[in-house]
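Here come two complexes built around chain A, the first alongside chain B, the second alongside chain C.
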Partner chain A sequence: MACFPFAVAAWILACGLYGLVTSRDLIRTIICLIVVQSSTYVMLVAVGYVTGGIAPYFSDVAGHPKTVDPVVQALALTDVVVEAAVTALLASFAIQAHKRFGTLDPHDLAEFKG
Partner chain B sequence: MTPGQRRWLFLVGVAGLVAFLGWGIAGLPAFGSYPGPYGPAITARVVQQTNATGVVSAINFEYRGFDTVGEEFILVAAVAGMSVVLRRLRGERADAARDDPSDLDPSATDPSGGRRRVPVTSGAVRMAALALTGPTVLAGWWLATHAQTSPSGGFQGGVLLATAFFLVYLSGEFIAFRRLSPVDVVDAAEAIGAGGFAAVGVAALPLGLPYLDNYLPLGSPGSPGAVTSSGTIAVISLLVGVAVAAAFIQLIGEFLEQTLLIQRRPPARGH
Partner chain C sequence: MPALFPLVVVVPLLTAAALLAARPLLARRRALLDLVAVAAAASVAVMLGFLLAAAIRHDSVYWFAGFRPAGGVALGIDFVADPFACGLALVGAVLMTAAMVFSWRYFERVGSYFHALMLVFLAGLTGFCLAGDVFDLFVWFELMGVAAYALTAYRPEERGPIQGALTFAITNSVGAYFTLTGIALIYGRTGALNMAQIARSLDGRPPGGLVVVAFLFIITGLLVKAAVVPFHFWLADAHAVAPTPVCVLFSGVMVELGLYGIARVYWSVFGAAIGQRGAISDVFLFLGALTAITGALFCLRERHLKRLLAFSTISHAGMFLAGFGLLTPLGLAGAALYVAGHAMVKAALFLCAGITLHRLHSVNETWLHGRGRRLPVTGAVFTLAALGLAGLPPFATFLGKGWIEDSAGPGWLDVMFTLCSMLAAGAVLRVAGGVFYGLGDPPAEDPQMAAEANEEEGETESGRRRTPLTMIVPPAVLVAGGLALGCLALVPRVGAAFEAAALRFEDQAAYGALVLGGPAPPGHPAPGVPYPPAAADVTLTSVVIALITVAGALAVAGAALYWRRLPLLRRGRGPGAGLTVVIRRFQSGVVNDYITWLVLGLAALGGVLTVIISRHP
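Up next, the complex of A and B:
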């Protein structure tokens, strides 16, 4: 199963997209977006894995042993931070939408214009 | 469009997406044999070049430092946007913050008719939150100051520091949370952290070095992995920690204010 971890990432992506499309609640929509984004963490970390590689930290190992790829791990860290910020912003939109329209169902919100 | 139609349309679309993804995945190198050239190039030089032993932090705050500046400003911009969205709207009023024990009773109403919608905190939650606050602050600082030697850094440490403030709120002390994190101080900390990161980079220019070049002493070359090693990496990590902590404290504060203090103004009564 040389590509099984990548298939897992694709599966998580598809699950999140399904939730996004069928969601009837904005909070659930936000959580589904988090699921979609989680697939990118799995993808990044899986792509960077090197068989037999150690974690890219040299505090207690000497020389230059083989490590897993640190660049994609740094990208995953960036990804997590941006996700947290986006989630907070979207949650604030959901709060105001609920206050103004009394509903979190995007189907009902679509009736409002402007 | 009915939900049923929507689902069918989605299934058709996702089938195409899965086909494309499958095609792409089939063309990837097998799991465990990543041929990317940058990772090995950096791991081979990082200790010698920066004296840092945490490679991911060295990449974030040194090799990809410019990207991380952008990322930091995404975070600050998102929190600023959230503050704007969660402002007090027309037809709403903000109550003064109180921690009167009677407010903890969900059935109690204040004279103006507004009700503080805060659930009663149980004794167990209070005790756990109080007991965890100190260790959380310690762990947060440790993470923010040890980016250069361990899998930590300003982003992780900052979030943990903000969690400590949230624990203060969880222990039932909204006033204490507000007093510990006055809006002016939090805003200033956020500005110092984010602006400081950019300033550390700009300070390299008068020295004739590229933006964000590592111009601070790297510590003794024979002993990498000391906390004082790695030059600007440690400084930037700490500044990021301050900015992230402030951003998340502001975020938590805005949500709490929205839930606890801001209420719909009761309709004006005629005489």
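Up next, the complex of A and C:
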């Protein structure tokens, strides 16, 4: 069972990549990129999971409780911030593309290659 | 001196924030805006210069907030200064300063956003060079990436930039997520993020599939940034549309940063664990050769000036990869010097292309033919830089390439280097001769390429009678810098310092002792003690090869300019006409195709690495 979360992460990654390769719409492409990134969340959280571990709070708990790894949670949070920035930027590009060319199909956009 | 470590990233980030906060104030004070931005970039360059001078004597580590490692466990965040890390960041800061000075009079209307994004890019590249743990490596990499995507689309009202920025952002983001997955895997195996600590945990155990997959995933994002074939497709699309001062940074340092990341991750983290130096070296050499040849062939066929220079960058990236892929100290020292020399001349070439766009409103070589005679100074700088790109002694590119060739690589490597330099530099020299001196027969019009090249209008102001000094001085200074660096490296002491730095860079055990403390293992010197310098010399052979290469590049340029008069080529449709169709098919501009190539390349590379590891258990 230990490798189940990793299989999930790999499956999500594969789905996202399939979507990116077959997409005919920029919004769909951007969402697929988010899906690819979601696989990294699952991966990070799975790496730090400890069976029976509680959330990593130490201030109001006596002794040394068994907790999950807080480092990967910090990494996942940073990852979310990165995703927010990239997604916002890509969405603004998509809006511009739609405004200027009236299309969101990557195949049509390729016509405007500089 | 330790105070400089945080400042090299804090100064550009805070200046960027201040410029954005003072936007209403700066809207009418363009000179102040430029002055502040140039001053910030130049001050980072000066600070990195001090760090470099200190690092040449003694590598050093800086722990943020004093979180030093205890008992071999590093929980803090560290910056590690060694000569190559500081040197590459310094090259980036110098190019940034030059690009900022250039853009002063280049843009018609430019707001604080441009300067702020450039400074964030600078902070990202500096942090990436100095980072001592893999996760910070990723974060700085993404920071630089996001700034770069936004800068590519800085003129969103035009058609090209949006498409280029989209392919750039999506391809690089997918690569970066693979890197993050690799980081998660290696953290799961070792419980460490610090590079030195990961290396120590991996030491002495057979590598195993997980470590190989982690290595592969981590370098995927870096391979995409480094534009290694088949991960390179985004580069030409992004370079062709990004504003010229931004192209200077993309070609001059961003691609090289990807390669630096691969070298850093290989030597500081995985080198000893993966081992099998011969086989890994072959993989790097193969990828490098493939990239160098592809870039050179595409370069020769291109008529869009910025795109042509972009393909030349791909070709050179392949040569750098092959250089450090030899996994010898001399190969790495040569690649480092080559990168620095290339950055100077390539930046100068892009800036000259920017002047051409500014004064003549086009970057289409066909249209520009002979029209550049109005710009004699620009033409001279461009030609000198093109000769530097070919590796004319004593440019730094000459000695860097010479060291790599001296480094006892396979014989075909020298041939590949000479041939690719000839083709790529020959294409640039063809532009120099045709555009700035009107040599050769006027090329036939190619309507599609002309249409593509004319997209560029609107990036820069028009109607000046003279080239402003702030635009011509930066490229001239950069070319002079490339020459000076080459002359400096000829001094035996400097050459020896380069090789000593390379030896230190490749010594994983010494890196671990430097970062985590503890005694250096037997056979390795204590942290900070320089290696006995070895002689990195100029040999007669390398001078002869360099002169043959330059002569070959001139011959290629001449043949490309006068092909209609040559007996063999006269009947054809021009040399390499068949390639155009191939290029168009591969460089489709559809981001889906680029992702497909990325996945295929990753799968192929994974297969090769698995075979290598399973053969040598």
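Methods note: the second predicted complex is superposed on the first by the 113 of 114 C-alpha atoms of A that agree within 3 Å, B and C clash if a C-alpha of one lies under 4 Å from a C-alpha of the other, contacts with A are read in each partner's own complex, and residues count from 1 in each chain.
Heads up, the rule we're going with is that a residue touches a chain if its C-beta (ideal position, glycine included) is under 8 Å from a C-beta of that chain, and two chains touch if they have at least 3 such contacts.
Being a predicted model, the structure only gives us computed values, none of them experimental.
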May I ask you to decide whether A:40 touches chain B, chain C, both, or neither, giving the answer as first, second, both or neither? second
Which partner does A:26 contact after superposing on A: first (chain B), second (chain C), both, neither? second
Per the contact definition in the header, classify A:56: touching chain B only (first), chain C only (second), both, or neither. first
Name the contact category of A:82: first (chain B only), second (chain C only), both, or neither. both
Contacts of A:71 with chain B and chain C, given as first, second, both or neither: both
Check the residue A:106 against both partner chains and state whether it touches chain B (first), chain C (second), both, or neither. second
Intersection of chain A interface sets (partners chain B, chain C): 13, 17, 21-22, 47, 71-72, 78, 82, 85-86, 89, 92-93, 96
Residue positions on chain C within touch of chain A in the complex are 135, 139, 142, 146, 149-150, 153, 156-157, 159-166, 169-170, 173-174, 177, 180-181, 183-185, 187-188, 193, 237, 240-241, 452, 455-456, 587-592, 595-596, 599
Under the definition above, what is the set of chain A residues touching chain B in their complex? 1-7, 10, 13-14, 17-18, 21-22, 46-51, 55-59, 64, 67-74, 77-78, 80-82, 84-86, 88-89, 91-93, 95-96, 99
Can you list the chain A residues touching chain C in their complex? 9, 13, 17, 20-23, 26, 29, 33, 36-37, 39-40, 43-44, 47, 71-72, 75, 78-79, 82, 85-86, 89-90, 92-94, 96-97, 100-101, 106-107, 109-114
Please name which positions on chain B make contact with chain A in the complex. 3, 6-7, 10, 14, 17-18, 21-22, 25-26, 28, 30-34, 36, 38-40, 42-44, 46-47, 53-56, 59-60, 64, 67-68, 71, 74-75, 78-79, 81-82, 85-86, 89, 149-151, 153, 155, 159, 224-225, 244, 247-248, 251, 254-255, 258, 264
